[in-house]
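Going in written order, the chains are labelled A, B, C, D, E and F, and every chain counts its residues from 1.
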Amino acid sequence: MTAGSSAVRRTRWRDRIVAALVLVAVWMLLWGVFSWATLAGGIVVAAVVLKVFPLPAVTFAGRPHPLGLLRFAVRFAGDLVRASVQLAVLAFRLGHQPRSAIIRVPLRVPSDLVLTLTGEAVSLVPGSLIVDTDQASTTLYIHVIGVADRDAVERFRREVYATEARIVRAIGSEAEIGMLGRPVPVRRREDS
Amino acid sequence: MTWLVPLPVIMPLLGAAVTLLLRRRPVLQRAVSVLVLSATLVVAVLLLASTATGPPLTVAVGGWAAPLGIVLVADRLAALMLVVSAAVTLCVLVYSIGQGMADGDDAVPVAVYHPAYLILTAGVTNAFLAGDLFNLYVGFEILLAASYVLITIGATRSRIRTGTTYVVVSLLSSLIFLTAIGLIYAATGTLNLAQLAGRLDALPDGLQLGLQSMLLLAFGIKAAVFPLSAWLPDSYPTAIAPVTAVFAGLLTKVGVYAIIRTQTLLFPDGPAGGVLLVAALLTMTVGILGAVAQSDIKRLLSFTLVSHIGYMLFGIGLASSAGLSGAIFYVVHHIVVQTTLFLAAGLIERRGGTTTLDRLGGLARLTPVLGVLFFVPALNLAGIPPFSGFLGKLGLLQAGVDAGGALAWVLVAGSVVTSLLTLYAIGRVWNLAFWRTPHASMPADGGARAGRALPRLMVGATLALVVLGTGLTVVSGPLFDITSRAATELRERQPYVHAVFAEEVP
Amino acid sequence: MLILLTAHLAAAVAAPSLVRLLRLRAFYVLAAVPGAALVWALSHTTTMRDGHAVAETYPWAGQLGLDVALRMTSLSWLMVLLVGGVGALALIYCARYFDAAEPGLARFAGVFVGFAGAMLGLVVSDNLIVLYVFWELTTVFSYLLIGHDAAARASRRAALQALIVTTLGGLAMLVGIIMLGEHAGSYRWSQVVSDLPGGGYLAVAVVLLLLGALSKSAIFPFSFWLPAAMAAPTPVSAYLHAAAMVKAGVFLVGLLGPALAGAGPWRPVVLTAGAVTMLFGGWTALRQHDLKLLLAYGTVSQLGLLVVALGAGFRDAALAGAMMLLAHAMFKAALFFVVGIIDHAAGTRDLRELSGLRRSAPAVWVVALLAALSMAGVPPLAGFVGKEAIVDAFLSGGWWEWTVLAAVVAGSMLTVAYTVRFLWGAFFDKPAVEPRTVHRVSWSFLGPAALLAAAGLAAGLFAPVLDRLLAGYADTYPDAGHYHLALWHGVTPALALSALILASGAALFAMTMRTRWWRRVRLPVDGAAGYERATDGLGRLAIEVTGATQRGSLPIYLGTILLVLVLLGGGALLAAWPLPGGFRLWDNALQLVPAAVLVVAAGFATRARRRLAAVVLVGVTGYATAILFILHGAPDLALTQLLVETCTMVMFVLVLRRLPGHFSVRPLVAARRLRVAIGVAVGTVISGLAYAATAGRQAVAISTGFPEPAVSYGGGRNVVNVTLVDIRAWDTMGEISVLLVAAIGVAGLVFGGSGRLLHSGRRPPLPTPPRGQVWLMAGHTLDAGLRSPILEVVTRLVFHTIVLFSIYLLFAGHNAPGGGFAGGLVVGLALVLRYLAGGRHELAVAAPVDAGAVMGAGLFIALGTGLAGLIGGGQVLQSTLLDWHLPLLGHVHFVTSMIFDVGVYLVVIGVVLNILRSLGAEVDRHEQIQRAGETARREKVGAA
Amino acid sequence: MTVQTLADLVAGACLVSGAVLSLAAGVGLLRFPDLLSRMHAATKPQVLGLLLILAGAAVRLHNIIDVTTLVLVGVFQLVTAPVAAHMVGRAVYRAGQARGDLLIVDELREDRTDDGSPAR
Amino acid sequence: MTVVGIIVSALLFAAVSLVLIRIVRGPTTLDRIVAVDVLLAIVVCAIAAEAAFTRDATSLPVLVVLSILGFIGSVTVARFSPRSRR
Amino acid sequence: MSPNLLLVVVVGVLFAAGVTLLLERNLTRVILGITMLGNGVNLLILLGGAYGGPPIVGVTPEPRMSDPLTQAMILTAIVITLGMTAFLLAMAYRSWLLTGHDNVQDDVEDRRIMRRAERDEGLENEDEDGGQR
């Protein structure tokens, strides 16, 4: 056994324990009873579930940053309310045909997790919708409603990058946070 | 003794679980199936021995005494049905094992067949033992679900087509049954049959009639009573032989059993008795005319099956002890004989490559043993004495003559005509398939070269049923003693009710 | 007597092996059995002379009035003699008649002996039902004997015809028997006679009984089956005509006559039918060319005579009939044997081809002459004694008797005429015909015929001895007769009539030789044509009725069932009208919302033309139902309904993805309206019944007794769950069996008829995943176009949580909404998610255990708790409450029925998994194969 | 004004605004011209509307067992709703149901390959 | 609280009606699926609101099921919906 | 017990719609019809039991509980319907695989007899010698 493989094993154990802890937490929330018996039951059940249904480990490159998380949550809630109201108004406005756009947003951090979380966050805010993704280039294709012109489109694009940044700052590794400084990726296939 | 009562259901289900776990070990699967059904037969015989002269045996499942929980009741009728069904299912199982082994299990995938077959058996036994209306429904569902699987086994084009008819009609009947249960519970607040016996009496007549008709409708479809019967001849014949056999023999009789049970226990003075007699007459005559019109042995047999359900309804409709006794005897006889005939038809198909009268011939000379295996039960079916079919018919005719009344006389006449036409239909089959010069397509060398030799296990199982059917004549004395005591027990109602409510409430 | 019957049965069963062993000599051995009956009967001669009976009784089915009551009286004694004697001789004759290579000989021998046994049983039965049993057995055996040469179409048809006609009569007779027996409370003839009903009831019974007797004896209008039955081998014909089968009917007339002849319809029926038959048979015999057919019609004629005599209803006629019965048996059997010999020796039975046999076969000629003269009624033979007695009996009577006498005289003239025709045709020289050269006939072949012919002579000579024996029967008639059987009574009117008969009979024959006009005279009624018409008509009727009722169409079958439902239910509602009032509009105004949604969705679902649109709309009704459940106070139901609804939606999509998007059949407007009409009718009736049933409730529901014991005995606060896993666990056990078997069936249908069902088999190794973060085990095997990283990541993140939640539901279910079903379905949906995100390989690795094993294990666990209760000394499925106080963890409360719920949980998981493997993974595989096939085809086309 | 009344007031406000968002979704679902636009309308009750109502319920129930469950409901909804939206949106686009006339730009069309997925 | 109850019920009823119209009208399956998604979301709202008004938490497991599994139906349809309408 | 008229109507509507679909020739429609009928029956059973709060001891006082027995029955019925639906769908798929559609076809033999009836014909295969044909 090399030192490298033992490091891998350690990481794997850490991942497993994290996964189990999440499950135990869910278990406690489900029962709503915070007792030793519930905890014991949760540990047993989590272990059984993880054993019976093995899945590839989720390796977090980074760690949670409380401040980043808070910042993200507050901004997210604000966006949520604002967009919901906007869209509700849009719905009730008679005789108006809202325009929309489908835009490509190649993310700066090449991570599925970031792709997914950014996508989720963008989706959850009314008015934007992930129409497709490209895993290889970590690109989101987003349908946006209520954009009047090209400027609005670019504004929105910047907002997505901002969301990406907030997410990475909340849970990303140092390396990933570093990547945020890179320029926005450009289109590779202009020939199509 | 009461601990035996749940076993006829539990054991086949356990067998099904084990065969599923053993799905890669066909030999063990077969062994488990045979073992389980043999044990079921033994238990059934013990139950019959106990109830033949004694009171009904009851079990409050889980210790939840009636009327709270489900109660299982083995009275004479139920025990008798258990014995017959266990014997028949065992023989058919052996037959199908013979067929499967001969065919290398290509036609009957063991992984599906054995669990489904055992679950079917459990459904049948559960229906017989159910002392609770909803549990009766569950019993029906078990056997029906298993039957859906069995009737489409192999999933050929024709089996899918005919299986669809079977499944959809059966589902409708289940829905109607469930509706009836919902209505009955709404009206009475109970599901326990013994308790229902009292509570239904208290309802106004019109409502009683409504509830009774819904139940009759549901069971009438399952029992193939005209005009609810047309699905049967379309769907049974295309399945594999053992499946057709056990369906024809047994499943329709579960419907008849349910009619007997509910008519006698729940609606003894119900207003639908006359309806039953008219239905009996139509079922008999329309069914047998259908048989005469057919040119395929299995379809023809299916129509005789429908027709002879009319006999049983006749006895039930008379509602006298003699009528019920005759009906029960006829049920027993018919289970055995109809099953045997379909097994024989399977052998015919194997030997002649078809069951179409157009292309068969000379079987009596080519395969004499097949001649015996078909001829004896065929005569039995036609009610030729001294076979049990005659004795059952005799009992019914006696009951009909005793009852008097225009409708009863018409039914006596109808029964006689049906009997004659059954003989005519059977005689045509014999003349064409067995006596006529063999068709050019028939292999003449005993079938060995064409791969159509009859496997010993299949012949043996059929023979066992032929012997069983013939043996009914010999034991008809004691058997009629049991059926008439069962009929008395049914008509009195009190033994059943007392047995159910003897248990203590938890 | 039972020993004799058993011996026949044993011999019949043993016969095939015996024939295979001894070949033709076996017949000699077999002949010993009926021979023994003959000997046994002869040993009882004195008993009969003294007017006593021999009786035995054995129990059978007492509830039906059935006992094997055997009783031999004078008449049956006579019949036993015939059945045994002729039977033995016929078997001996068989040994020479058949060729050793005759096909089916073994079976034939067995059936023949069985036939003899049945006939024996028939004549000695006292219990009428037992008599009927043997009666039908003779019918069946004769069917097999007539059809012996089954390769010939005529044989088969004749056999079936005989079977049907005689069974028809037999069944009528059975009803008659039951009528008499049920009235008397016994089926023993010796007791029935003492308690006969009266009036119309008796008249009907008598007519029914006669129908049986007359059809069996080929009496008009049933005569046609007997000549057709000539297709049988000659020994069979001899036996059938002389002693068995047809004689059964005559015997029955003789047996019933003393008691029933007084009943209204008896004499008109018997005498008319007998007389007509006599004349018809004789007349038809006269123009036959086939010797066997000539004899057969002769039999028909003679049977008419016998029926007239035995059924006339008074002593002298009965005595005469008995004598005639004996005489006929002897001469008819002998003559059939002779015909068989001629057929063998000369190769034909056609009298137009036979010539000179008198010289070439003198011994045969003598035997035939002796028998034929008896048939013609020439003294001093038995036939003469019998016929003269009949003539004498009818001489002294009223209008009926004189009429019948005229018929008897005419019929006897015909008999004489066809007798002469027989002798002339068989033996005399015919100018235009080449004389036949015949090989020598051995004495052993001729022996049986000779013996019978000689017996006919002896019976004539010793008539007074027979008189004493047969009087025992005749004297059972109430009237006092005077006649005694003898050769010579002095010069009487009867003697004169006998002479007249002989003379005019001979003249009649001469006339038939000269003129031809009589050939055109035919009876207006032809039974055979009637039979044909009847069977054709039956066929037409069967086709019409079946064509009308058996439409072969599922919608029609369902429609019929539903119409019956509407009729019965509607009728019940009318009977229950007016329905009681006291309804509520709703329990909770909020119910209006889901109800409205449901109604709208249901309505549009019936009109949807796209499959998935219909599915979605039906799904909406399901969701609305779930909300109605919640509003009714049934959260468990809502939970399950929502899960099931989702599962159903998934299954629909999995299947419908392969089917065209629109329904292909656009229903006709009329058909659609009919469907809607039936639907509305059913809905109305069901609503009405639901209303009436609910409003009709008086009693308290049993479930009001559930909550208290649910906690104290079932150990759970969620009464619904306790009901499922404890109070009604038996139902649940059945229900999981249903699910399980349905899932097996799904696999069976999708995987097809292969033996691979449920076998996960060995999977080909998956391609190695790309480097980097992997979310699912086999997500990379999916088409790039179908993959979605977002779906994969989220699936990875929530999968375990969903499974965890299912376990929560499983354990919380006992006290809160949840339980094994819901839990199992949740796991199932989690697996669906894995499949959706990662494809079929992902499903395979997601649940590496075989679905069948999961289901089997679940069922096993559920049943195990059932048996545990039983083994533990309680009832099946009885549960136990366990309460522990553990350090740190505190109070732990556990009910064994929760283990049952675990079984349910596992079964449901296995079921969903199995369905998913079939409708999901396997259908994927089909699609891939199909697409690969299409691509290959396209490439081939492109290359060409 | 008691705490109880205040709580009820807060809960009521949450519930009513949640319901209004649901209605807005219904209106949008009916009125928006193409499916992708309608999908945006669909998001509202799934996210903010639901969160508001859950909050209202939590205030009313104020029982730890129930509140934890409500939290889980909210979390699960936030995790799963976008997935459905994404999968359906993708299907809509690939099925050609996105109305080009309403789009200012469509950058996905430029990148699409034959099997519907964007180029790698 | 009763007034709030009536208002909320009315609003949700109106919302459901509009959604139902979309489900009936379609025109495509995906339209209907989106509408069903909204319907389910409204159902969740309704159940939660009902729990709030009655202060009865027994139906909360239903909410958990809907929130964690409700999306599977639409994902299935989306996953297997034909590539293009052609 | 006083019936809930709203549920009575809903049950009727579900039956009417279910039957209308059930009588179609297309198996998909038939399955949908059965699903709706299943919901109708379940509501009918529900109608026959008491209305009230969830039958959970400690949550609802006993006299106010809804009927737990009807709920147990409905639960059983729901699950059975699920199994049956799965099976029928598999049949529809199989039918499509084998025939290219999922319409329920009429029985061939019955059709033959109906044609004979229309043409006023008698029985088929009269007894002829097989070898000679």
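Definition applied: a residue touches a chain if its C-beta (ideal position, glycine included) is under 8 Å from a C-beta of that chain, and two chains touch if they have at least 3 such contacts.
Computed from a predicted structure; not experimentally measured.
Path length between chain B and chain E in the touching-chain graph (shortest route): 2. Listed by label, the chains touching chain A and chain E alike are C, D.
Most remote chain with respect to chain D, judged by CA-atom centres, is C. A comparison of the C-D and B-F interfaces places the larger number of contacting C-beta pairs at B-F. At the far end from chain E, in terms of centres built from Cα atoms, lies C.
Centre to centre, using the average C-alpha position, chain A and chain D are separated by 16 Å. Our note on geometry: chain A versus chain B, Cα centroid distance of 63 Å, whole angstroms.
With centres set at the average Cα position, the gap from chain E to chain F is 27 Å. Among the residues of chain A, those in touch with two or more other chains are 26, 30-31, 119-120, 130, 133, 135. Annotation for chain E: residues 12, 16-17, 33, 58-59, 61, 64, 68, 70, 75, 77, 79, 82 touch two or more other chains. Shared interface positions of chain F, i.e. residues touching 2 or more other chains, are given as 1, 22, 30, 44, 47-49, 53-54, 56, 59, 69-70, 76, 80, 83-84, 87, 91, 94, 104, 107, 109-110, 113, 123, 127-129. If you check each pair of chains against the touch rule, the ones that pass are A-C, A-D, B-C, B-F, C-D, C-E, C-F, D-E, E-F. Interface of chain C with chain A (complex): residues 773-777, 787-790, 792-794, 796-797, 799-801, 803-805, 807-808, 811-812, 846-847, 888-890, 892.
Residue ranges of chain E in contact with chain D, taken from their complex: 1, 4, 7-8, 11-12, 14-19, 21-22, 28, 30-31, 33-35, 37-38, 41-42, 44-45, 48-49, 51-53, 55, 57, 60-61, 63-64, 67-68, 70-71, 74-75, 77-79, 81-85.
Across the complex, chain D meets chain E through its residues 8, 11-12, 15-16, 18-20, 22-23, 25-27, 29-30, 35, 38-39, 41-42, 45-46, 49-50, 53-54, 56-57, 59-61, 63, 65-66, 69-70, 72-74, 76-77, 80-81, 83-85, 87-88, 90-92, 94-97, 116.
Note for the complex: chain F touches chain B at residues 1, 22, 27, 30, 34, 37-38, 41, 44-45, 47-49, 69-70, 73, 76-77, 80, 83-84, 87-88, 91, 94-95, 98-99, 104-105, 107, 109-110, 113, 123-125, 127-133. Chain C meets chain F in the complex at residues 151, 153, 156-157, 536, 539-540, 542-544, 546-548, 550-555, 558-559, 562, 582-588, 591-592, 595, 598-599, 602-603, 605-606, 611, 614-615, 618, 621-622, 625, 628-629, 632-637, 640-641, 644, 647-648, 651-652, 654-656, 658-659, 663-665, 667, 675-676, 678-680, 682-684, 686-687, 690-691, 693-695, 697, 701-704, 706-708, 710-711, 717-720, 723-724, 727-728, 731-732, 735, 738-739, 741-743, 745-746, 749-750, 752, 815-817, 821, 908, 911, 915, 918-919, 923, 926.
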